[in-house]
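Structures for review follow.
In what follows, chain A forms one complex with chain B and a second complex with chain C.
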Partner chain A sequence: MSDATPTPTATPERPQLPAQSPPVDPAETAVAGDKAASTGKLSWWRGDGGEGAKRNLGLIGVLAALIAVGAITKPDLYGDPTWVWNNVLAILQLASVVGVVTVGMTFVIIGGGIDLSVGAIVALAGVWCTTVATQSYGAGGMIFAAIAVGICVGLVNGVLISYGRLVPFIATLAMLVAARGLAAQISNKQTQVSTSTVINDIAARKVLGIPILVYILGAVVLAGWVLLNRTTFGRRTIAVGGNPEAARLAGINVRRHTMLLYALSGLCCGIAAIMLTSQATSAQAAMANLYELDAIAAAIIGGTLLSGGRGTIVGSLLGVIIFATITNLFAINGLSIEAQNMVKGGIIVAAVLVQQFQFKSFTRLLARNRLTTTP
Partner chain B sequence: MAQPEEIAATGPADAGTQAPLVEAPADTVAGEVVLRLTDLVKTFPGVRALDGVQLEVRAGEVHCLLGQNGAGKSTLIKVLAGVHQPDSGQVEWRGEPITFANPQAAMRAGIATIYQELDLVDDLSVGENAFLGHEPRRMGFVRRGHMARRTRQILGRLGHGEIPPGRMVRALPAAGKQIVSMARALSHEARLIIMDEPSAVLAHDEVGNLFRIIRELTAQGIAVIYISHRLEEIREIGDRVTVLKDGRTTAANLPARDTPTRDLVSRMTGRSIEYVFPERPAAGPAGAELLQVDGLTRSGEFADVSLDVRAGEIVGIAGLVGSGRSELLETIYGARPAEAGTVRMAGKALRAGSVGAAVRAGMGMAPEERKSQALLLGEPIYRNVTLATFGRYARFGFTNAGAEEAEADRIAESLELRPRDVRRPVRTLSGGNQQKVVVGRWLLGDTKLLLLDEPTRGVDIGARAELYQVIRGLAARGVGVLLVSSEVPEVLGLADRVLVMREGRVIREAPAGELDENTVLDLVMAGSLMEGAPA
Partner chain C sequence: MTQHSRDVSRRRLLFGGAAVGAATLLTACTSNETPAASTQTKAAGDGAGNNAPGKKVVIGFSAPAADHGWMGAIHANAKAQAAAYSDVEFKEVDGGSNSEAQRSTLGTLIAQKPDIIVVLPHDGKEVNAVALQAMQAGIPIVNLDRAFPDALASRLVIKGDNYGMGVSAGHFIGKQLKDKGVSNPVIGEIAGLEIPLTVERSAGFAAALATYGFKVSNRRSAEFTSDSGQREAAQLLQALPKIDAIWNHDDDQGIGVLAAINQAGRKEFFMVGGAGAKVAIDAIKADNTVLKATVTYNPSMASSAISLARLIAQGRGLGDLTELQVPKEVTLASETITKENASSYEKLGF
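Let's turn to the complex of A and B:
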């Protein structure tokens, strides 16, 4: 934290020109720069892997604080290990569907975009896979339909954005409206019940005491982590979001990659649609309402930069779990959903403030805004 | 109030480090001194943009600033406009020492700046733009009628009463927008107006109108700092000239009309530091034909450009900003689609407008704007070095960070990158080392032709010499290099063959040995001298 202390040049008391900075030879400044860099003091804020890890530690701290609040308000419940274990599983299950959507959203945001249509895609995929016709092909047909619908709708988003040059916000906002409309049309505004026991069992069953939905979340998160951190696809995502011009001039096909990112988000929505359909044993056009906001919020408090180029899957997962824990905390204390939403809103704002106003830039801002005109 | 006096008298203690100031009696200007800069210094990481600037501007004069790209003109303007704050030195405004904390403070004090890229809001009206940020208002409501009246009045003063204050700025031609910018300056009651290459966006007859307006302004006692590369304009409109070079004033208050061109040019170029260029190979390069460009055209940028680069040859393009050289380079690279003409690599035509095709054919480019066009600043060095090649180390789509780091480290060693820690984020490197990362990117893999756009911009002297060595070393290995630089000595010192570009056309091609700096500079900037200026 040594760089949090204001440097002498930033002291605002002296309105004169900073005469204390002596003329420096360019060669010297370069050496000084090297020296400062080699001490590694910047890495706390801006390092590569280190930074994400540090930020995630902060999120775990938030999570611990939330659990502490739970333990204080309900000491009797938290004293019972069985209840605690079941509660943890409940939170993870609560987080699972939004968690899967958030993984796709994280890729899109790191790649410099945004996908407002995820909730609508989940609904459309859910409705599509529960039509009588699709259900006649059995569970396999339903899963295929949900995932295919998700990918196709994602591809439409991607083509509109990367080749049609629509702003992501507009394109996916239009898709949000259109996909929900199509879902309502297909379902005739009715709730479609899933008759497939295989599908319905996904949410109902546990393996080794852990719900299958939690395994699915784990698998998607793991796949997402590997994809982002260990593959060329992930590397391109960071490059395209971090500096699209540099990526283009390095020979990366920015448009095709942008399109694929939305397809990936659609794929995640297809998976989420199966999970959600299984949970409800039915699907309807209004399902997964406002999931886009939950997913974006989770990615952002997880440290994903809304301007692209930076973010972690683990951070997004922690973001989703934090939200689920808040919901759980308010539920066990019997508090209203309205209060819950207010706290969620506050947490989003706090997280973004922390991201944007890192201490250094904050002090610089203060110094700059001070009036320094001498009489 | 300070009386007019020679700037050298206030001159600083750092004599000996700079060329002696040339003084001329400023007999033509009688106004009082409104602005006096003494020993202004401004440093950015890795570069000393202003290194002791002296400037004296009097009321009612047109004071011209002359200097090559990178001489510090833009930084100087930004200091005066309150965008940057100087590290040391003094700004004296109407007799009082002053520092502008922000652009608003400079504007309130009466200094208005008209930037080259006009900072107007296209979708607001002429009047709203003129009074942007200080609209006349009553109880929180804009007094639209009053604003329109005052705008009309100011436009009338500028000789353009025909522009309706309610017209959207978007609908105006470039010259009209410039009038609006000037109206904004006048709406601030500016005492000093800084114009950064105002003629660059104007057609020939519009320039005459601009000069008429400038004369009317100065007749009202307003001082103008006028920046232009066109010497003939300076002769026509200017009263006095101050020449900047490498962030220093090399000549102050020269009479704009009578100073010989030769003197001005030598003041702009007089070397304070000799660049060290690597030796050219003794035998002339006779490599195979590598790049052939034929009749390449993009309207408004460049027209009918043909050139070729052989393996192992360094070809330099000299030209000013706006001469079309960067656009040409990007078009060759496929980053901009060509409208006509072909680009061939080793005889094979490349698909126009495809960077991927160019890279696959063996091209690599280090673009002009390192930070915005080439680097992922928050990402580690090795990932920036392998940005174009990480796929080659991957297997089944899985990246091989270990191999990438090892290769990047090898490159870092050969380029003497400092510090040589490839996991460090690129943003922690100095400008010169960042440039090495960009160049190093194309040393991996099988780059046959390297396009370098201003490779040493913002790079300090020591790192420059190293970069020159690297570039020459590449050529020695058979890589063809196409180099663009606005620093003429760099082009002459580094390249084997030189193309001179002006206004989108190649006007001269010759072996570097047959050209000297003044010749090239004359070609580059003062072609206008021949066409225009009777002086």
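Let's turn to the complex of A and C:
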């Protein structure tokens, strides 16, 4: 969890981008400037740049509270360290597939779009890679098929949205229906069992005591973090989502970039399809049901702005882990799925309410108070 | 005098005869011995006539588009069973993906005036009116699995038993644990999508377990898909560090449930499945997983529905039954498939 908070070195770079910072009044900039001058290195925390880190700390607080509730309600289980460690792994495995999908979703939403077709792409890629014909090529063929299908469907989404000028909501909604239809057609509505031991072992095996699925999640999250925070691709994503017109005037090929974002989401779905097929040792057209909503909800409670231009990979990961922890908490307490869904809904609303809460004005208020109270 | 006495003697004879007659009648009434000829039985071997070809009949068929293995088997079974009879012409119309579509295609089927129609409705309530219309037009309806609310809307209802499925699973688990001498067992349940039939299954399961003094420790509901089965099973296993038995409602989602059990490396319990899918029957027969039994909810009912529809249309009764007509309602028993009888159920696996 220590690498969950972004390092201070990463965040101060973001305000340098004119396109993504929300409009600020001159007075506030002056205050921030003064503060920056007087406090040096800590300025990122007080200024705009620390906002993501503060949100993530809040999420870690929620997570800690959930675990505390678990420990209070089931002291017998939480008293056993082996069980606790296994439970952490169980939560991470539960979060792994949705987590990979959410990384792609976070990029799309930061870039000002939305991808409703992720669950359907996972199902299509899963079904495609478990047909008898694909399985005859072995595990390599299955992995290639899933990833290729994911990228291709993502590209179709991207082309429709950026060159066909369809609204992302409509284009990906159409893809949601169409991809599930195609998956049902290919699978003939049957459950296709994976006979590849290599694929099935991805979910069954552990390396150094940690399941392979968790490593995959970690690798995808790390790659996503580097791509968003350390490359021009990431900067452009934030610029395009924050203000497409300004991004275009700054020389960014907005259309091509948007297309690539949907392809990236498709790639993540392809990887997730392999992971989910491995977990269930099978695939069918109805699988990954409503993953689009899980991924969007996780990204939003992770602090990603639905209108684009802001968001963090770490926040999204925390969002997914919080949802997985809630599911786990309800399961170990033997409570119904209905109650669990109500709590999830409540958490989404609470997260958006918190998102609307202006940290900036709050800190400014604090700063003013300090200015007036201390001579 | 003699005249008089003769008269009296004749009168005596008449009265006497009447009295004797009445007495015989009365004694006949007190006897409870029924003459063999008039009893309502059927001689053994008299029922062989069902397979013999009768008059040619046209059977219409309408069921929802196959969205999972079970429904796929319903379509395939109905078609195959009809093909097995030389005197049946099978006319299937597309049941579509909702009640609306099914109503319209059923309407065209009724217009073609088949001898009888077998209907598995999307929703009994929503297709009820069309079925009623067919019955009024003189075309009998055989209602498959999902019942119409109106008794007049069908000639025959043939359906599975969701409550009974839970009861069968509960009895199997209860008996096994009782025999092992487990006093306070930990029993897990992985239910399907929370729709009325799932609620009925769970109620039957709880009721049967209660007769042994057992109850369900933890219940998670999946969505009849293998990935949801894996997800919920993984959490259930986490919640219960030691388990004695698990009932999983559906063999399709059971693929995922077994995967989760395998991934967690757990094998201290046994599991009962539901529906009777081929993969489950094979696993029970091989006896190399925790899956030791499955309780049926078999799509073979579609074949039986076609057979019964044929008899109704031909005006014939059911072979071994005494009635001259097919009964009005058939509810399948939910059977328990174990290692011992798995081979005999193999042909029913779907």
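We take it that the second predicted complex is superposed on the first by the 308 of 375 C-alpha atoms of A that agree within 3 Å, B and C clash if a C-alpha of one lies under 4 Å from a C-alpha of the other, contacts with A are read in each partner's own complex, and residues count from 1 in each chain.
Keep this in mind: contacts are C-beta pairs under 8 Å (C-beta built on N, C-alpha and C of every residue); 3 or more make two chains touch, one makes a residue touch a chain.
Source: prediction; values computed, not measured.
Participant: Of the two partners chain B and chain C, indicate the one touching more residues belonging to chain A.
Facilitator: B
Participant: Thinking of the overlay built on chain A, is A:L77 touched by chain B (first), by chain C (second), by both, or by neither?
Facilitator: Only chain C is touched by A:L77; chain B is not.
Participant: Looking at the overlay, does A:R310 come into contact with chain B only (first), chain C only (second), both, or neither?
Facilitator: first
Participant: Examine A:R235 and indicate which partner it touches, taking first as chain B and second as chain C; both and neither are also allowed.
Facilitator: Touch partner of A:R235: chain B, not chain C.
Participant: Determine, under the contact definition given at the top, whether A:Q93 touches first (chain B), second (chain C), both, or neither.
Facilitator: A:Q93 contacts chain C only, not chain B.
Participant: Determine, under the contact definition given at the top, whether A:A247 touches first (chain B), second (chain C), both, or neither.
Facilitator: In the superposition, A:A247 contacts chain B only.
Participant: Under the stated contact criterion, what part of chain A meets chain B in this complex?
Facilitator: Of all residues in chain A, those touching chain B are 15-19, 21, 23-24, 26-27, 29-30, 33-34, 36-38, 42-43, 46-48, 230-235, 238-239, 242-243, 245-253, 309-310, 368-374.
Participant: Flag every residue of chain C that touches chain A in the complex, lowest number first.
Facilitator: Touch residues, chain C against chain A: 66-69, 71-72, 194, 217-221, 223-232, 234-236, 238-239, 241, 252, 255-256, 258-260, 262-263, 279.
Participant: Can you list the chain B residues touching chain A in their complex?
Facilitator: 14, 41, 43, 45-48, 85-90, 96-102, 105, 109, 333, 335, 355-356, 358-360, 365, 367, 372-380, 383, 387-388, 390-391, 394, 397-399, 418-419, 421, 423-425, 427-430, 432-433, 441, 460-463
Participant: Which of the residues in chain A end up touching chain C in this complex?
Facilitator: That would be residues 77, 80, 83, 86-87, 90, 93-94, 184, 188-191, 193, 200, 203-204, 276, 279-284, 286-289, 327-328, 331-334, 336-338 of chain A.
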